[in-house]
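One structure is given below, encoded as structure tokens.
Chains here go by letter, A, B, C and D, matching the order in which they are written, and residues are numbered from 1 within each.
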Amino acid sequence: MRYIRPLSIEDAVGQLAGSAGAAAILAGGSDLLVRMKGGFAEPELIVDIKAIDGLSEIRETAEGFSIGAAVPCAVLGENIALKKAWPGVVEAAKLIGSKQVQGRCTIVGNLCNASPAADSVPALVAAGARASVVGPAGRRTIPVQSVPTAPGKTSLAKGEIIEAILLDKREPRSGDAYLRFIPRTEMDIAVVSAGVNLTLDEHGVVKSARVALGAVAATVLLVEEAAEVLVGSRLDEATLERLAKVCAGACRPIDDKRGTIEFRRKVAGVLAQRAATSAYARAGGK
Amino acid sequence: MAGIAVSTTINGDAVEYLCQPDETLLDVLRDRLGLTGAKEGCGTGDCGACSIILDDRLVCSCLVLGAEAEGRRVETIEGMAHGDTLHPLQQKFLEHAALQCGICTPGFLIAAKDLLAKNPDPTEEEIRFGLAGNLCRCTGYDKIVRAVQDAAIVMKGA
Amino acid sequence: MNFDPRFSGRKFASVGTRPIRPDGIDKVTGRARYGADFNMAGQLVGRVLRSPHAHARIVKIDTSKAEKLAGVKAVITAADLPDLTDGDAAMYDVLDNCMARTKALYDGHAVAAVAAIDARTARQALKLIEVEYELLPHVTDVDEAAKHTAPLINDAIFTEGLEEKPVKPSNVTKRSQFGHGDVHQGFGQADFIVERSFKTEQTHQGYIEPHACVANFSSDGTADLWVCTQGHFVYRQHCAQLLGMEASKLRVTSSEIGGGFGGKTHVWAEPVALALSRKAGRPVKLVMTRDEVFRASGPTSATSIDVKIGARKDGTITAAEATLRYSCGPYAGSWAEIGAMTAFACYKLDNVKTVGYEVLVNRPKTAAYRAPSAPMAAFAVESAVDELAKKIGMDPVDFRIKNAAQEGTRSSYGPVYGPIGIGPTLEAVKSHPHMKAPLGKNQGRGMACGFWFNFGGQTCTDLNIGMDGSVSLAVGTVDVGGSRASLSLVAAEELGIDYSQVKAIVADTSSLGYNDMTDGSRGTFSSSMATISAARNAILILRERAAQMWDIAVDDVVWEKGHAIAKGEKHGNLGKLSLKEIAVESGKTGGPIAGHSELVADGAGVSFATHICDIEVDPDTGAARVIRYTVVQDAGKAVHPTYVEGQYQGGAAQGIGWALNEEYIYGKDGRLQNAGFLDYRIPVCSDLPMIDTQILEIPNPNHPYGVRGVGETSIVPPLAAIANAVSNAAGVRMTHIPMSPPRILAAIEAEREWSK
Amino acid sequence: MVEVTLWGSLAATAGGNSKVEIEAKDIRELFRKLAEQYPGLEPLIDKGIAVAIDGTIYRDTWSKKLPQGAEIFLLPRLAGG
């Protein structure tokens, strides 16, 4: 086993691409080290990306925000501009693990761990976030929902690194929100979760919407029918009823140690309603 | 497997050690440096008993590799008191009997120190959520929360 | 025993105050040494290979490849721990549990172990051990296991306690029955009857410190063991027996203990560590991972309980009956028996009958967990009691007060009670402001009672007075939650000196006589009795020495407030001698001054508690949140009230976790699915409110200061109190613990369907 | 002569008798005579049985006197946490 700390993204990509055995990227380590401890991962090479220039920064650009792959989630919560523009994304990122884990974990790590229950992913999917990928073949930008393909699996090729998550500049009258259900108040994996992102017109009518559900299928679901329900509405009671029904119907959950099929269906709808209501209020809707 | 030479600062002192690439900072502290104040309750970041402060961030040392400490600042429970003067949190934990078995205490003290550094006047709810990454099985947390509240008052006055 | 243990009703100077504990500084500075904080020169790392199967015959174990790996110093299997138990069936089970002999009986059962130069080598070595298993059908559910058709876990077990000896083996190892009167007749007199079945899932003590030890076996046949344990003397006996040693040749030192709650009353890895050290000829440190703690230490029973209670219109209970099935893991136990004893212990009943069945399952060997077996029985009984009160139309507190046991009541498990605290705790609850506080939307209030026996047992202490007048107190009951402070207070009280002059330690097994372990809430009860006795013995000597110093008869010297005083007019000018003044001269008056005590602390006082809690339920998600909690419990006498409160709060918090979220989840494959703190959900700080406490002091007549045990009772009422609160908040009766959100939501939805 | 009540799983090992009369002055004599009359009880006595005398439970004190007319219960020995 080797541990390296490259200073450039090109070097990191080259080392990853050239590694003979399994290689792992280390940013926060809050998933990788747990897997290593349990004997589920035994990488030949660990590439610590935290010394790479720019990867530990959040940049605000003309297009929006670029969140470096090594930025701990705690730092997201300390960025006032990001929190103002994308409160749902930040609240999702801030729900991962404990304060201790927050000091280490990253949203890119959360995305690449490819758990259907990852907290930040439904919020990122709802936000329409994109991932900037660097690999042996160069740079490409892809929607975040195309990164996880199945539990524990991603679409990234050997040698590819997500260097940053890109979030658009906000249109006026926009708001997003993320809610999850856990049995305790902290320290749990989402049993079911929902992220909603809305933009309203001048009259408070939903102009565009994205609704994503977590922990109800093999990957995070972007529920387009749910968005259709919201568009054109002011989130009246009937709309919320239909939203819950559509979300519950879109779920393909399983029974497992964290919850039952029935529970996940029912609560997915409840959380979508609550997240939509919160996003609507944040967008200035009444 | 070759050892990695690491130079770091622990509780203000320059420290050098060799560690294996898969060795956690917790293992380095406990097994190589004799700093056994940080405890391993789970090894997976779920209990907080191994809490340390790494460059002003509260982390679980079981989720940090020893190699990652290169060039950084590590604070552990062993550095919390100044000589024989206890930190106000340590003193209040004693006075409030905020510990029974005491295995979680170093982690709680470090986490509480970080909490009060970032929020000197926390509400009870902020304390409870701020310390949610530290498990205690003995106390029901009541006396821990009260000790932190009391220490916050003392530290503000200081 | 030249010692009168009866309650004397004295006024206290030290007892009842709240000083800082003597081990406190080390614990807040990180210096206190727990099980894994000790190292020896040349120490190896021990690790255990565990069965991934719930039930399998071990056909063959090939350790040859592991033995050849560089850095491996010893590999052991059951062959290295030969059976020396000589027909002692309980010890044979302990041996088999430490290292599977012919069959792996649960996911996590140890099958082999290695000692190597470092952790990585040890891990690699485990992978090189080849075990051939023949898979057998398994059963993990208590009700399934009790059926005639269930896979047999041990075909040599025939149910004990039946009138006729059974002809077929069974997973039900024992039937036991308690009660008096005629329940059939009693139910005939009832105007209202409640009959329900309940289930509780298996939980773990959840101590934060994993089991850890360092074993050092010498070539001369002696050994040292450093270990986190609730009872180092018991560990010494068990390890010595299993390894074929004389007990005195094994010195066991108890480290600071990072929580036990009953889970550190049994040996698990310690005999394995000793056997590895014996084979390797080097010290071996063996620390369980958290995963191993969950899979392979001793959780509590899962249960299935049927309860039937009848009462007249006026609220008098006429009959009560319960059938209790408790899982024991794969080895015989007496867990249902304890449940059957405690189930109705709070009440005055003319007709009562409880029957317990011990059931084998392919899960880890059940161990004690804080008032073992009582919380589940209380959950079932107190839920039914609440429901019955509702049916009759009585306030649940008044209904309980009307039926509460009192001095002179024949307990449901047999003996007649002396002075007890159930009535007073109920009266305190009735007048507690918590009971009158307003409730909000979706909130409900519940209350429940609980009982625990409390133990005494064998105890030995040494009290040595230094030549500077300071006092060293050596006790043999492990300090799990502040007892060194309490016992120092007791020594100070008895000697009449200041708390700061006493330093208490837990002595190792070679420095003190045998002590039973710290279980059954006996630590402070028993060791305070022995400390009082030791101090009184020391006072006899102090008086003798003072008499020598004054050259008067010892009968003329009395001991008051830390001083020898010459009694009688003829000695009027002698003044008094302080303990320190006598100690300074001890070298000239006969040598060291000490008091020793070896006794069986009998007469532990039973303990009762009543809890109140408020719960808010989210009717759309089934989430339940504790918003207020109050514990009222009889302590007999609170020696150090702050630590008594701590015991009340800790037990309540564990009970809350058990009630709402904690459970062992097994897959169809018989494997434990949540062997970690992420998915075995013990309460975190933000889950709980402050936990209010009210200490009642109804003196135990069998202890000089009136002390009862306080540690365990607090975990008994919460399951029922919370179930009653959820029932009042959500309008559904919960009969399955834990009341996790999916279970509460399913119950609410079912109720909605039903009322349509 | 004292009347002894056997509880829990003990009665079954004493031939189904839950009440027995024994001439014994202390716990030691009680145990010795019980073991003679009901050999099934002997291994349980060896393992440890608790004796309740007028409501107070004794675990190990053989020398404890059994007062005439006292109410005596034999209970299984328990585990605690």
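Criterion: contacts are C-beta pairs under 8 Å (C-beta built on N, C-alpha and C of every residue); 3 or more make two chains touch, one makes a residue touch a chain.
Here the structure is a predicted model, which is why all the values come from computation and not from measurement.
Peer 1: Between C-D and A-B, which chain pair is linked by more C-beta pairs in contact?
Peer 2: Of C-D and A-B, more C-beta pairs in contact link C-D.
Peer 1: At what distance in angstrom does the C-alpha mean of chain D lie from that of chain A?
Peer 2: 67
Peer 1: Could you work out how far the Cα centre of chain C sits from that of chain D, in whole Å?
Peer 2: 25
Peer 1: Just the number, please: Cα centre separation of chain B and chain C in whole Å.
Peer 2: Their C-alpha centroids are separated by 29 Å.
Peer 1: If you look at chain B, which of its residues touch at least two other chains?
Peer 2: Correct list: 20, 22, 43-44, 46, 129, 131-134.
Peer 1: Identify all positions of chain A at which a residue touches two or more other chains, and write them in rising order.
Peer 2: Those would be 38, 185-187.
Peer 1: Name the touching chain pairs, would you?
Peer 2: In this structure, the chains touch in these pairs: A-B, A-C, B-C, C-D.
Peer 1: Any idea which chain C residues touch chain A in the complex?
Peer 2: Residues of chain C touching chain A: 123, 291, 620-623, 625, 660-661, 665, 673-674, 677-679, 681, 683-684, 686-687, 740-742, 745-746, 749.
Peer 1: Can you check the complex and tell me which residues of chain B touch chain A?
Peer 2: 1, 4, 20-22, 24, 43-46, 48, 51, 54, 57-60, 62-65, 67-68, 70, 111, 114-115, 129-134
Peer 1: Sort out for me which residues of chain A touch chain B in the complex.
Peer 2: Its residues touching chain B are 1-3, 5, 26, 28-30, 33-34, 36-38, 46, 48, 50, 72, 74, 97-101, 103-104, 185-187.
Peer 1: Provide the residue numbers of chain C that touch chain B in the complex, in ascending order.
Peer 2: Within the complex, chain C touches chain B at residues 18, 20-21, 23-25, 27-34, 36-37, 119-120, 205-210, 256-261, 287, 289-290, 480-482, 642-643, 645-647, 649-650, 652-654, 676-678, 682-686, 688, 690-691.
Peer 1: So in the complex, the part of chain D that touches chain C is made up of which residues?
Peer 2: So the residues of chain D touching chain C come out as 5, 7-9, 11-13, 16, 47, 52, 54-61, 64, 71, 73, 75-76, 78-81.
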